[in-house]
Amino acid sequence: MYTFRPILVKLVPKVKLSTLGWVGVGMVMFVVFLAIFAPLLTPYDPTRTVGPGFQPPCWEHPLGTNKIGQDMWSRIVYGARTILIVVLLSTAISMLMGVPLGLISGYVGGLLDRILSMIMDAIYAFPSLILAIAMAAALGPGIINTAIAIAIVYVPTYFRMVRGQTLSIKEQLYVEAARAIGANHMTILARYIFPNVISIITVVFTLSVADVVLTEAALSFFGLSVPAPTPDWGFDLKAGHPYLLSGYWWLITFPGLMIMILAVGFTFIGESVAGYFQAREVRA
Amino acid sequence: MEEILKIRNLKAYYFTREGVIRAVDNVSLSISRGELLGLVGESGSGKSSLGLSIVRLIPPPGRIVDGEIIFRKTNLLKLPEKELRNIRGKHIGMIFQDPLTSLDPLRKIGDQLVETIMVHTRVNKEEAKEIALRALERVGIALDRFDDYPHQLSGGMRQRVMIAMATMLNPDLLIADEPTTALDVIVQSRIMDLLSDLKRSMKMAILLITHDLALVIERSDRVAVMYAGELCEVGSSERVSQEPLHPYTQLLLESIPDVEKPRTKLVYIPGSPPDMMNPPAGCRFWPRCPRAMNVCKSIPPRSLELDGRIVRCHLYNGGLESGV
Amino acid sequence: MYEILRLMNIRKWFPVQKSFLERLLAREKLFVKAVDGVSLTVWRGETLALVGESGCGKTTLGRLIVRLIDPTSGRIIFNGMDITDLRGKELRRLRRKMQIIFQDPYASLNPRMPIGEQVAHPLKIHGLAQGSELRDIVMKTLEQVGLTPPEKFYNAYPRALSGGQRQRVAIARAIVLKPELVVADEPVSMIDVSLRASILDLMLMLKQEFNLTYIFITHDLAVARYIADRIAVMYLGKIVEHGPSELVFENPLHPYTKALLTSIPVPRPLKEPKRVELKGEVPNPINPPLGCRFHPRCPIAGEICRREEPELREAEKDHYVACFYVT
């Protein structure tokens, strides 16, 4: 962990986070740590039956076992991988689609802009969960399909913010200066507009990634995400929830807790980053 | 003439996260009735902060740290907010640089004038309207514009409305911060004529804050030059322009192009204004001063009174120390 | 004398934005006639000052000249070539020969690009240099505009520089291509007065060094007098007077020029200023007055001024005025 943290810190631009922001970073890093060092942290294979079912937390199984005797701790740890992969993949897809479309739409304007905006608004108007469910059902199970289903829900968010920022930057004097020195449209978009849009992409990312986490959890709760026996927190929630009244609290408490930690952690970071950029705008 | 405003040892600092900006650092100045004092300075000089400090409108993180502002025998810095508000607008009028942001864009100008009058006086609405109309007339705005909105007027007219608003209650002092910077030179000269008329007829004192030294010398009775939060020199505009004492004043005079003098070589002051969080020790101008001596680098000069003028410069230590 | 630029009856009319309902109901379109019939010749190697008050169209004219905006009508001839209708790649190639310096040094530089890259960018775009040769040229240019030591500025970002330094970067960026014509739009208006002379002198020095021609746009007649060989005075979208700088300043002929010159503050305490007074305000460029545009405010307006528009005519050698009562 100590080798990764300094590298990550250097990648993140010089953003001053509030205390809460750092708490969020800690929470997220905890999950990342679990995901990266999963094999070192777990004695059992999370997909195999390794003990009697419904064991409460004990020495051999710190978080207990589930209905078919899988070790909960291992499932939690490996579940971190699942959810992080889906979240990162879907965010990447959203960005790769939303950002260029937003840039082009904002820059070119006209009919193209109107059509794209209408499409994006239509997608945006759908309640995100229902849309995700519909897409996931249509695409079928699997990590990639789930990532795509979720990605589509968030493309309009990136599109709108990037388009809005592009519209305002387009009018700036330094863009006019770029035209004056003979830059063509591609150059202007790539060197003058895009670099000034990155900050807003960061904000959108940090604010929406918590949402993505919850959407993934919901999808897997409905069994529309990764197929069993891949360890997945949402799946475990669904599997465990019928047994709550029977007293088998460890089946849902830990998956639920982990989902909360990741989502809230990202939210703390998101609020802190957004607040930082807002303050910077005000001062400038 | 009677002294109407006396600023003594005023210090106003901005306490930002990156450091403390000593925007106004120990400035003492006075203005008399019926006098136009031009306060000149460039970026970072603190002149606007000084104007705001007089009426305690300096925005956070700025704060007045020390000093006295004595207006007609009352120290404004010790006044409770309620009484200060009575003075602002009625006894001290204020005009700021951009009239579009100082006038409410959603209300007619006539209504804004009337409201201001009624807040400060006990007249009824009819009488207030009369006063407002007369004020508009005095600044040369056609009376049928009473019901216009700010955006319907040109920049020059809006500025004149601001002047009407600031002067209609016959204040003793008018603080005008860059009142003509955004305006055409022709409109500017008309507004300056207007201010001079008001000064004469109402015996109003005017503090004109601007970066335009030519304007100040042409129109003011007295000139005060500020650099990096401190006063350099104060004197009548005639004497300061003909015989500038402080090296900064001299260089500033030589750097302004004179439209009536063909191609005289223009001077510029090397370097740039200091970082106000870490200004140079001693005299703040020394790094750019052609006549800096060793003492200038460590000891700040004291204010000296010389022949009815004030100058802060080690070159003149032979003068009397001033208690001002 | 070699003619580097000729403007032939240039007009730029901006359509007034109207709401949908207004467009349905209105019978005619309204235009802001920012530039309304300007014809001008610029000679190689001179500094022509384009002066006027805000709203007179000088900024628009500057942008028209470098083809950042397209004229509504009229022709622009540069070095004998009609460039009015150039587009795309050809227009971009033209940019090597004419450049522009903007008024606001805080807004005209890309906040996310280091200074060295911004000055290098024009060269890169036109494929004129690469690698270490490129770097050398940029360093030399930075030195030439007074940003020394150039290494210190090469990697810096605009936010680390003062206004005056940023404007020098803008100048460097404009001259790095060794253009023939440079339009400077109020290049010192946002710079501290005590620093202006250094920028102006820099521009004069660069003009000598690179054999540049300047079109210097300003509202400040004192600055214009300091720097210009010739001066053209604009009012409400048209040129009302032009000629050699000394002639125009010593002997202003158009009533507007006279009013402008006498209104400028001079650093001498005046007791009784001899000012030419103008009545009224600058009219709205959507509806310029009929006849001579200046007549509603003109102290010497007569009958003919209300009916006809005066043409620019030579009043004395090289000194042109558009006024019925002068020529």
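Order of writing sets the labels: A, B and C. Residues in every chain begin at 1.
Here is the rule we use: a residue touches a chain if its C-beta (ideal position, glycine included) is under 8 Å from a C-beta of that chain, and two chains touch if they have at least 3 such contacts.
Note that the coordinates shown come from a computational prediction; the quantities given were computed from them, not determined experimentally.
Count how many hops through touching chains it takes, at the least, to reach chain B starting from chain A.
2
Select the chain at the greatest separation from chain C, using centres from the mean of Cα atoms.
So the farthest one, by centre of C-alpha atoms, is A.
Could you see whether B-C or A-C has the larger number of C-beta contact pairs?
Contact tally favours B-C.
Just curious, how far off is chain B from chain A if you go by their C-alpha centres, in Å?
55
In angstrom, rounded to a whole number, how far apart do the mean CA points of chain B and chain C lie?
Centre separation, chain B to chain C: 32 Å.
Take the average of all CA coordinates in chain A, do the same for chain C, and state the distance between these two points in whole angstrom.
Averaging C-alpha atoms per chain gives centres 51 Å apart.
Using the touch definition from the top, list the residues of chain A that touch chain C in their complex.
The contact residues of chain A facing chain C are 172-174, 176-184, 187, 191-192, 195-196.
Going by the contact rule at the top, pick out the chain C residues touching chain A in the complex.
Touch residues, chain C against chain A: 66, 68, 92-93, 95-96, 99-100, 102, 104, 107-113, 121-122, 125-126, 170, 173, 177.
Quick one: which bits of chain C touch chain B in the complex? Just the residue numbers, please.
Touching chain B from chain C are residues 53-54, 162-165, 192-198, 200-201, 219-223, 225-226, 246, 249, 259-261, 263-270, 273, 275, 278, 281-282.
Using the touch definition from the top, list the residues of chain B that touch chain C in their complex.
42-43, 154-157, 184-189, 211-215, 217-219, 237-238, 241, 251-253, 255-260, 262-263, 266-270, 272-273
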